[in-house]
Amino acid sequence: MTKRCKVAVLGATGLVGQRFLQLLESHPWFETSTVTASEGSAGKRYRDAVNWLLETPLPEGAGERVVRRTRPEEVDADFVFSALDSSVAGPIEEEFARSGVPVVSNASAHRMDEDVPLLLADVNPEHVALLPAQQQRREFSTGFLVTNPNCSTVGLVTALKPLDDAFGVEAVSVVTMQAASGAGYPGVSSMELLGNVIPFIAKEEEKLQSEPRKILGRVAKATIEPARIVLTAQVNRVPVVDGHLESVSVKLRRKASVAELEQALSEYVSGPQRAGLPSAPERPVIVRAERDRPQPRLDRMAAGGMAVVVGLIRPCQILDFRFTLLVHNTIRGAAGAALLNAEWLVKKGLLGPRDEISPAQAGNEATLVS
Amino acid sequence: MTKRCKVAVLGATGLVGQRFLQLLESHPWFETSTVTASEGSAGKRYRDAVNWLLETPLPEGAGERVVRRTRPEEVDADFVFSALDSSVAGPIEEEFARSGVPVVSNASAHRMDEDVPLLLADVNPEHVALLPAQQQRREFSTGFLVTNPNCSTVGLVTALKPLDDAFGVEAVSVVTMQAASGAGYPGVSSMELLGNVIPFIAKEEEKLQSEPRKILGRVAKATIEPARIVLTAQVNRVPVVDGHLESVSVKLRRKASVAELEQALSEYVSGPQRAGLPSAPERPVIVRAERDRPQPRLDRMAAGGMAVVVGLIRPCQILDFRFTLLVHNTIRGAAGAALLNAEWLVKKGLLGPRDEISPAQAGNEATLVS
Amino acid sequence: MTKRCKVAVLGATGLVGQRFLQLLESHPWFETSTVTASEGSAGKRYRDAVNWLLETPLPEGAGERVVRRTRPEEVDADFVFSALDSSVAGPIEEEFARSGVPVVSNASAHRMDEDVPLLLADVNPEHVALLPAQQQRREFSTGFLVTNPNCSTVGLVTALKPLDDAFGVEAVSVVTMQAASGAGYPGVSSMELLGNVIPFIAKEEEKLQSEPRKILGRVAKATIEPARIVLTAQVNRVPVVDGHLESVSVKLRRKASVAELEQALSEYVSGPQRAGLPSAPERPVIVRAERDRPQPRLDRMAAGGMAVVVGLIRPCQILDFRFTLLVHNTIRGAAGAALLNAEWLVKKGLLGPRDEISPAQAGNEATLVS
Amino acid sequence: MTKRCKVAVLGATGLVGQRFLQLLESHPWFETSTVTASEGSAGKRYRDAVNWLLETPLPEGAGERVVRRTRPEEVDADFVFSALDSSVAGPIEEEFARSGVPVVSNASAHRMDEDVPLLLADVNPEHVALLPAQQQRREFSTGFLVTNPNCSTVGLVTALKPLDDAFGVEAVSVVTMQAASGAGYPGVSSMELLGNVIPFIAKEEEKLQSEPRKILGRVAKATIEPARIVLTAQVNRVPVVDGHLESVSVKLRRKASVAELEQALSEYVSGPQRAGLPSAPERPVIVRAERDRPQPRLDRMAAGGMAVVVGLIRPCQILDFRFTLLVHNTIRGAAGAALLNAEWLVKKGLLGPRDEISPAQAGNEATLVS
């Protein structure tokens, strides 16, 4: 790639949209060319349309940008990041892809479509192999759809992947304690969450119980054969701003020790690490030895928010092992995951400045899997 | 009982001690005669010795009382409630019992002693049958030791008991989200808990994994045969003042439906309910049908804080059923549990004004079990 | 009054509406006959229309009630409590009054109308004297409008009134730390308030700077001559569920000592106290001597939430005295204030069962002031 | 300075000590040579002695350091930063200075000593002129004592200084909403602060009312003539981790407009800015135009936590102007202030590697004021 990619952020005023702009501010490969939002915000300066809620200042450049409507003809970009609300994302993302623009999406709309990669570049990088068949089946020319998982799923599968590789994962029980930012803005009322825990998040248990099976599945003939893992999830919202904590129990297919689990987790690397991608954490999983970690306030920004932090690995009386994990839900669990996915797509020749890439470059399934 | 019992509260300045005084303020059977605390507080008015942290005012009478040292000779009482710190409670409670004063304790020191009932009056009322043998073995005259479980255990076993009666409980996996008050005062620093979750509470998992087996065990020859239940627990501290929330999965011995579980839970009553004891909730378990309940802020004061609230009962992909429960940790889970235990002991003729009760009245194991 | 008044709660699904239903549940004089809400909720059972957010259970009776639209013809009541949103309350309240139904309102719409009492029954009970002229001027038959102040104003003027009576208040500087419930539901997003303070509440400073002058003003010829007090306010939203805390400085017209202020505040009583009204706190102001009180969590429920708690009275280097006050913003500061106002109106013969009261009974300004 | 200064952090395990180590980790001029703590921690690795509570990881190098006792003979440093608890800091700091080691302290012990600069390098840089006389009077050779103000004072005086320069400040009324970290660790119990506000912080009002008069005073004959400003303060602790918010009213000596205040504040620079010191924020004060800023969560890290953020400047009905300010209490308000002070002392030739600086270099009062 000889020049930077122009990228648009769709749904840029929401919390995940804000994270995209924050992470893109100093990105070496990508530069924000367009921000879009709903009709009510179109035409305003981004600064005036957004209720900026991140702890770093609104990037100067983004603030002055005029917000566009979320339509292909209003967007000038080599590809788009979608931070659209899942209730509207489905047809809009399809429309963009059809117009020739690759869509790297954080929305749930297409995640379980059988021809759409549910991608975490350092967990299942080989799932990009679905793309040629997707383009063919949907009659896309240069466009395509790639999604990343739900925020709580990201934390879970990032920890499960090294264990699955090393020992085989058979069953997983997870109880989550999820942060307010996972619900977006305005999301949960302060009247509901202050000094309280809410044991319900719409559709979250379903996602946690289905997405990992696809992500950890294997590519077979342009589709994904789901992993045979039994999952059960209970989800809770806690009064924390950022950082989902998850208490996990796992049953493994092969015998293992706590030390072997720690080693498998802390030594795990994947394609993005080997390729030295700009947003790839040095290690996707950081294992902490303290008896009281991970904690959301102290650990969510590990590796810039891109590492999943695991602690308290110990035997389980019912399944085999228990541990606690933490994932920064809007970085590793959303915008950062999409960003790393995009970098991986660039690396694989599937994304790039429009005049430097052609559909032909995308190669075929075989080369993408390797 | 023709007159009210005089009771002392040992360790009255702590959070659980405060709850005892709050609950005793208008108790029909018991009246506070003595409050004790550590050496540093002895001799002060209670009002000046305590950092009162409850949302109702310090009871007038208690406030004016002079704090005594925690020694039998300083206490004038028919029996004592112990809210002592578990690190010191062991020998002190034994000393009181040996001096002839029954001890109804919330401390953990003697909970797992084989001759000491780990009692929840509306869960295992028959466990008082251990007392005659305890008095004999420890050579106590009129004194004895009765304990109640750890706060998070109280919530769990109160919900398990109706299920165990109806279907048999084989295995339990629980993840807790526990309130700050469970750590006492000063307990957890605000620097650690504000906007955070801490996945560690000292000795808590061990208690959750051992206490239920004793509580749900059966009396056999003046000892308890533990229930054969496998338990695994993961504990977390959340930024909530009062109310422990627990995400539970259970494996049952007999087939059941969600409706049958709801019925078993919501219809459960025990001795204290049948006897109409003053602190007994109408139903130990309240089942809520909403998809987002129980919640600590909204449900902890159900039945004056004495009911355990259960919701979200649904099948589990790994064990049989999942549900969420809430227990007010310093009422039902501590002071209120001890109070109900004392009422039950009165009902069984084991406690009362000293001139109205004799050791002979305590009867034998056989009558106590019935 | 030989029988109970039938009352409707307008806007019953909001937070203040919920407080009305909670406080009315066991009211000796009033019984809820109708609950109204917006079009979207009309026709549903109240239980299904409301997101109940109070820490006591939804009253059984209210839960089963069918929600009506907020129109006079749908309401069967001797008078109505208005918990309507201020953006819509103005014309609706007027319509009810015009239809013959007295309106006791918590909304801000008519507060500063010169013929509408801005009433706190134990602060300015004589302001009901505006009503005959109001009825005449607006051509109301049996209906009329009475309002209570903004929640933060209620706390402030309740503390200022005894000082104004005793020493004359010349200037007031107040900085508030207001609870989330003051913004209603959903109100402030948890993303904005968790671990944060927001130094802005729309129109709040204006209310704090204008309402006290009317409330502490004197009735003169069917109008209010505003008190000559200079007020300056700065408002902040803090992550607290209920209870507005206010740091106040006052300049008095006459010399006084801290002890005299304490005495004036703690001895203050007014008409509702002398009349023994059911919702009247024994003393409108409770003075605490501790160096760290009042606190929202510990003091908001003083006198059932109907007393204002004052502490930390000490000299001020710029004005004369400083103190800190706390008001339960949705009880004393909203629904409870309206309830006490209604009781006072009953006491003055201005409200009652329709067949027991006639406009003629309302008397004239002279008798109402006394 | 041709090489880096070796610095010791006294009291390194506390919250302010942690901030020192965090800020020193990549400092261009200073490197941590020794960390000290109380007897109980001496001999341990810092990693094992500290309960690290900051959101960035414990610096690798510091973690491996062996903790020393806080005695001059255990410390190898060109100068020391003192994060000692104020209850013990007084004699220890004096002992270090007497042993020849300059002390740059955050503790309150010596702040109001008449020969000790109460320094904020970009507010009153000329106060270093006290040092020659201090050394002479106390018979220090190369050692001396320099202190920085209390955290809430830092925020206040940084905003007052530009106004005092431009318009003269005559009177100040301030109400603070202070973060938990200001109380150190463990500091305030979570039981006291969750969902609550505490209107008391020991000695804080006294500091806010006295320190600004010294800081804004003028150097005259080796002493400080205090500024003639009347100050009144009310302090509150709010459930926020970091960032003190302050609602301020000021009376000025000369007429001014809101625009002129904004200009004076936002254009203010001082010696450290002109000298380009490494820790100096580009502007000590950032003025925000939004109606709801500053906010602790969003603004505390402005300029790396070294800028004071001011907003909501508007007229006051009693004094002249009101505004709200925010200061990061452990960066700008503590460790960062001391660091900038040390940089300024280096710039003035008063600190440096021991073999590059001599007492003679310290110059005299005249050159230090300029």
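Read from first to last, the chains carry the letters A, B, C and D; within each, the first residue is number 1.
Heads up, the rule we're going with is that a contact is a pair of C-beta atoms (placed from the backbone, for glycine too) under 8 Å apart; a residue touches a chain by one contact, two chains touch by 3 or more.
Being a predicted model, the structure only gives us computed values, none of them experimental.
Student: Among the other chains, which touch chain C and chain D together?
Tutor: In this structure, the chains that contact chain D and also chain C are A, B.
Student: Under the over-half criterion for shared residue numbers, do copies chain A and chain B use the same patch or different patches to meet?
Tutor: Since more than half of the residue numbers are used by both chains, the interface counts as same.
Student: In terms of C-beta pairs in contact, which of B-C and A-C ranks higher?
Tutor: Answer to which pair has more contacts is A-C.
Student: Hey, how far is the Cα centre of chain A from the one of chain C, in Å?
Tutor: Going by mean C-alpha positions, chain A sits 49 Å from chain C.
Student: Quick one: report the Å distance separating chain A from chain B, using the average Cα coordinate of each chain.
Tutor: Chain centroid spacing, chain A to chain B, equals 44 Å.
Student: Between chain B and chain C, what is the separation of their C-alpha centroids in Å?
Tutor: Distance between chain centres: 41 Å.
Student: Could you tell me which residues belong to chain C and also touch two or more other chains?
Tutor: In chain C, residues 53, 194-195, 239-241, 297-298 touch at least two other chains, as defined above.
Student: Applying the document's contact rule, which stretches of chain D touch chain C when the two form their complex?
Tutor: Going through chain D, the ones touching chain C are 171, 173, 175, 177, 194-200, 209, 230-232, 234, 236, 238-241, 245, 247, 249, 291-298, 311-312, 316-319, 322, 324.
Student: So in the complex, which bits of chain B are touching chain C?
Tutor: Residues of chain B touching chain C: 52-57, 194-195, 241, 297-298, 300-302.
Student: Spell out the residues on chain A that touch chain C in their complex, using ranges where they run on.
Tutor: 15, 53, 180-181, 185-195, 239-241
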